[in-house]
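Presented below are the structures under discussion, each in the form of structure tokens.
Look for subunit A in each of the two complexes below; its partner is subunit B in the first and subunit C in the second.
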Partner chain A sequence: MSEQLELNKARYILRVADTELILGHRLSELCGHGPILEEDIAVANLALDCLGHANFLLELAGRFYSPALSADNLAYERLANQYFNVLLAELPNEDFAHLILKQLYLSIFLQLRYFSWASSSWKELAQISKKALTEVKYHVMHSKEWVLRLGDGTEESNQRMQQAIVNFEPYVADLFVDHAEDCIFKKQFNCALSSELISDWSKQVEDCLSSAKLSFSEPNSNYSYSSITGKHTEYLDYILADMQFLTRRYPGLSW
Partner chain B sequence: MSDKKDSQFDLWEVFLQAKSGEAHQHAGSVHAADSQTALMNARDVYSRRGEAVSIWVVPANKIVASSPEQEGPFFDSGNDKVYRHPQFYKVPRGVKNL
Partner chain C sequence: MNDEEKKLWEVLELVEDPELPGISIVELGLIDGVFLQGGTVEVNFLPSYSGCPALQLIQDSIISVLKNHGYEKVLVNKIFEPGWSTDRISDSARIKLKEMGIAAPCGLLSEQLIQFPQKAKVPCPRCESLDTECKSNFGSTACKALFFCRNCLEPFEYFKTLN
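Take a look at the complex of A and B:
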């Protein structure tokens, strides 16, 4: 029973850890291909921040397995069906509008999630979350500024942003689905449920998008994909094949 | 459609203040379309490793600089002009903080 609780703790953390890891990977794909040099560097910075958060959270999650696993074990030795990230993180960077809109959605979500964890009674989680919050705050600011300029920019940039909003719509409700672990830790450590984050999230996103002359509708969970089924989009396998290439080709390697 | 050779956004010069109270030092430049983005770009490019507590960005075309021809009249060294330096007064011993 306690072993199950430990695994539940791992899964609970992994939902955010894996999201940061996959998001970081998608951001890193822009390296060398940014629209301008400064943005190339900025997005690389964002990716490093995400990977940093993922590293701390994966280390924490790894301790709940027996034998304990390291962040590297978790990142490089799990297959797609063992990942718990939200589906939105996996979607490809079709264009810059998609990348920055995804950043907006996920960084606001993560900010709310870390904010709730920072005041929970789970000390280590609170510590990691406080550190992550300062960085995520910048991510939110950065993506808001870009969305504003792209939405209220040229006809083409507005169109591309609008298309990204439409393409991501079926994946938004997934962020706010309560998994079994959510309820356990709400009670035990006073962490907000995922579903409790939606109103703040929607308000912030709606404010930003309407200032950017973009139209947004509330996520409808009847028409969305959800990671609660344990299934992922077809993209995750390709992401992992890329990310885990070295460890798969040379098992047990070290620097 | 402008025929500028530089196809990037406007140029901004970046000044960083390493510690509170110190002078801002020139660190380099960034391209940006507006001041808010210039500030963010400068932060991303120049203060990756805690080099700054404060950042100034200035549009490069707002900076007024002395031209090389003015070097003579502006900067002529006064080292050989003894009459320009207050060296003829001896400070009495025991005078502090003068």
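Take a look at the complex of A and C:
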């Protein structure tokens, strides 16, 4: 197997692994600060699920490096410009509405992505995805219920949700941009292209937002930021400074 | 199963779930197989929840308990097929869960619990009443949901059905 193909496999998996890792970190920031106790606990559990998925995917991706890297190496020893997550995951939790809307967008996206991997011929990825799907479906349910409560809630909660929709608009098209690896693995393992996920995603999101009395507009890729350039938002360095602090301060530490 | 493998299973039954003292990982169905392969004990371990924080600790415990019983070389393989499901939890574990105040998985999928919280039909582990309701799909750990018994007015946890 050529070295380039191995690296392509790693990058392909990392796009989802890093998204789950960074999303998990952002969700964990609510721990201790949730609006109500049940949500503090729920969001912490969602974060755990994201980290669990990231862990299995990072482990798999690490095997395609020579010498092989562990999930810890990848999570704690890369710099921001070596991450492949979608930009949306990095955006801060401005308020609960932003956190919930981001959950709606990303949990539906990840569900569609895992669904396509589960039925692909890439065995290890299919196995991890099947397991992830049993957990992600609760994320989707949780997000949809909260979007409904907040959108069809008070004037303030509706207004905050609407603001989140506006703020996230430039980052939505990024989820569906095909990178080179998408095309390679579509051919090799019949994994759906990122661009093939957009119609199911839009339908689910639009249905949910309109029942929640919120208005949604189609993402316009002409006015969007995209992770395909390899550049991240300024937020990622701050996230990593927090997340990687311990391993960077004490290299080689073990419990 | 030969005598050597029987012995290995008996040793694995000594490995407890870190969050459920008194319940072994074998009773929870977390072990798919254990065998001796050229001097190394290989244990096929099924992760329950992807994000369960106890997964690493359980794997470390498997290695240290086997080492304490004289098996120096141990390899734990994380396997995803067959996927772990709550169907694998033994009857003895279900009884122990009830004694701890945790309702055992009863086949109702969590989405049914959320959509019909009034019709949960999960028996209270303390008073056994069916007049219980699901308060939250997320409890103190990823695998448990939070319930309330309207009969004895006590909260309890439900081990969510996963299959």
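Note that the second predicted complex is superposed on the first by the 254 of 255 C-alpha atoms of A that agree within 3 Å, B and C clash if a C-alpha of one lies under 4 Å from a C-alpha of the other, contacts with A are read in each partner's own complex, and residues count from 1 in each chain.
Note that a residue touches a chain if its C-beta (ideal position, glycine included) is under 8 Å from a C-beta of that chain, and two chains touch if they have at least 3 such contacts.
These numbers come from a predicted model, not from an experiment.
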| item | value |
| --- | --- |
| Subunit C versus subunit B on the shared subunit A, clash or fit after superposition | clash |
| First (subunit B), second (subunit C), both or neither touched by A:45 | both |
| Superposed model, subunit A: greater residue contact from subunit B or subunit C | C |
| Which superposed partner A:128 touches (first subunit B, second subunit C, both, neither) | second |
| Touching partner for A:36 - first (subunit B), second (subunit C), both, neither | first |
| Subunit B versus subunit C as contact partner of A:149, first or second or both or neither | first |
| First (subunit B), second (subunit C), both or neither touched by A:53 | second |
| Partner chain(s) touched by A:253 [first = subunit B, second = subunit C, both, neither] | neither |
| Common interface positions of subunit A, toward subunit B and toward subunit C | 38, 41-42, 45, 141-142, 145 |
| Of subunit B, residues touching subunit A in the complex | 8-9, 30-33, 36-37, 40-41, 44-45, 48 |
| Footprint of subunit C on subunit A - complex, ascending | 38, 41-42, 45-53, 55-56, 127-128, 130-132, 134-135, 137-138, 141-142, 145 |
| Interfacial residue positions of subunit A with respect to subunit B in the complex | 36-39, 41-42, 45, 141-142, 145, 149 |
| Of all residues in subunit C, those that touch subunit A in their complex | 47, 49-53, 55, 80-81, 83, 110-111, 114, 135-142, 146, 162 |
